[in-house]
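Letters A, B, C and D name the chains as they come in the text, with residue numbers starting at 1 for each one.
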């Protein structure tokens, strides 16, 4: 499926503290892993340096947990932007250990001004993401 | 809406460390807050003590972030079981600071045996939850 | 011992996620608990609101773990300032569950300007702390 | 100084969530980084696999914070065992970003049985550590 191709990913080890009292990678930590991929993605697109207007809020997140994560795992977190709207955009993520897919996550991100009010995504941000992902800017 | 009534809630302060570099309650922490409400809920239903067979996995979680959380907030986290299936059940949660609703979260929990394989929810667990919530046991 | 009296404390529940794979309150979480007591202490002394110059760095911290913390515990964290220097001050903390003392922590905090360079503690900050603790301002 | 040589280290990226509201690597996270180095160290010494008797508690930890950590940093955490006693041992750690030393940490670890009571370190554990570190077993 073309829809499931990802052009950016990061490698990140599970930390011992990520493992909870049930002996598995804690459910909340997946959002932190996905956040780290997002940070790396925006850094890769050179959107973080010197941009006072780079500011978004998480509007919604959905995670499906497919297999338990364990101590000592080296994870791959894949990320792509699947929709680029006027004031918001959608991303999809996969958290995997080698061939084992641990979780699928999707998120809606809402662009915000300094007072955290929703606003239009700046043109250059839109342009870099749409170019990188080869997706139309409006959808 | 009757569907949005909750029979159990916990009070939990935001910790300073819950606030991230963007100055707001970090998105992943909401799953930890909700997890704490779940822990309190099962403890209230006396399901945690002396039960070797009390074991579930998070199958899916969805969070909608409605207002940013801040340092110093005292939160209320409400929880209810909205569906009680054969091998899984659904829960809904609200994270609020007074009248301000910060997030709505829903989760699917899958009952598991000691090897983390899906299995039927024990009768007593089902019974206590359905009695507490006044919901039919199968749906 | 008079030296071990504390004039301020907070109550804070252990979160389920604070418990690690060894089944006990994770060692790093104690610093977060102590940080929360510090935040409450400075808020109580009305030092946080509207002060652009309230800024310090942790220079050193020492924790002695006396008894393992467990899920479900409601903790008391006591805090006091034990030394108030020119550019730095020292604090002591206790983490307890009822009569059970879990940990003793001490910290050196270094006052800092906006660029995180060490600087002299503002007069009003010193004054409020020394008044609250009944300690001499210089030591 | 020979005393400051380290025979084992791990590489670990700072996560965006490790950065707190003050914009720097949160003080508690250093203990998590050091814990991760400890986990890697014991795994490297093949002490974790199939050993039901591998169990210790942190008795004391001390951290000196030398320079603030920042988002995006790739860290090196160095670890060595500096003392190997009968029932406890001491470790030292350094957290660095390239040439920049962020923190020095030292810890006392107390061997424990399944009920978390202090007990004698198993002979094979002592032997592997003392061989790896070239330190006398008793001190």
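Rule of thumb we're sticking to: contacts are C-beta pairs under 8 Å (C-beta built on N, C-alpha and C of every residue); 3 or more make two chains touch, one makes a residue touch a chain.
Predicted, not measured: the structure shown is a model, and the values here were computed from it.
Student: If you average the CA coordinates per chain, which chain's centre is most distant from that of chain C?
Tutor: Looking at centroid distances, A is the chain farthest away.
Student: Sort out for me whether B-C or B-D is joined by the greater number of C-beta contact pairs.
Tutor: Greater number of contacting C-beta pairs: B-C.
Student: Let me have the rounded angstrom distance from the C-alpha centre of chain B over to the C-alpha centre of chain C, please.
Tutor: Result: the chain centres lie 31 Å from each other.
Student: With chain centres taken as the means of their Cα atoms, state the distance from chain C to chain D in Å.
Tutor: Between these chains, centre-to-centre, one finds 24 Å.
Student: What's the distance between the Cα centroids of chain B and chain D, rounded to whole Å?
Tutor: Each chain's C-alpha centroid was found; their separation is 35 Å.
Student: What positions in chain D touch 2 or more of the other chains?
Tutor: 16-17, 28, 32, 35, 71
Student: Under the touch definition given earlier, write down the residues of chain D that touch chain C in their complex.
Tutor: It comes out as residues 22, 24, 27-32, 35, 55, 57-65, 68, 116.
Student: Touching chain B in the complex: which residues of chain D?
Tutor: 16-17, 19-21, 23, 26, 28, 71
Student: For chain B, which residues are in contact with chain C within the complex?
Tutor: The touching residues are 12-13, 15-17, 32, 35-36, 39, 43, 71-72.
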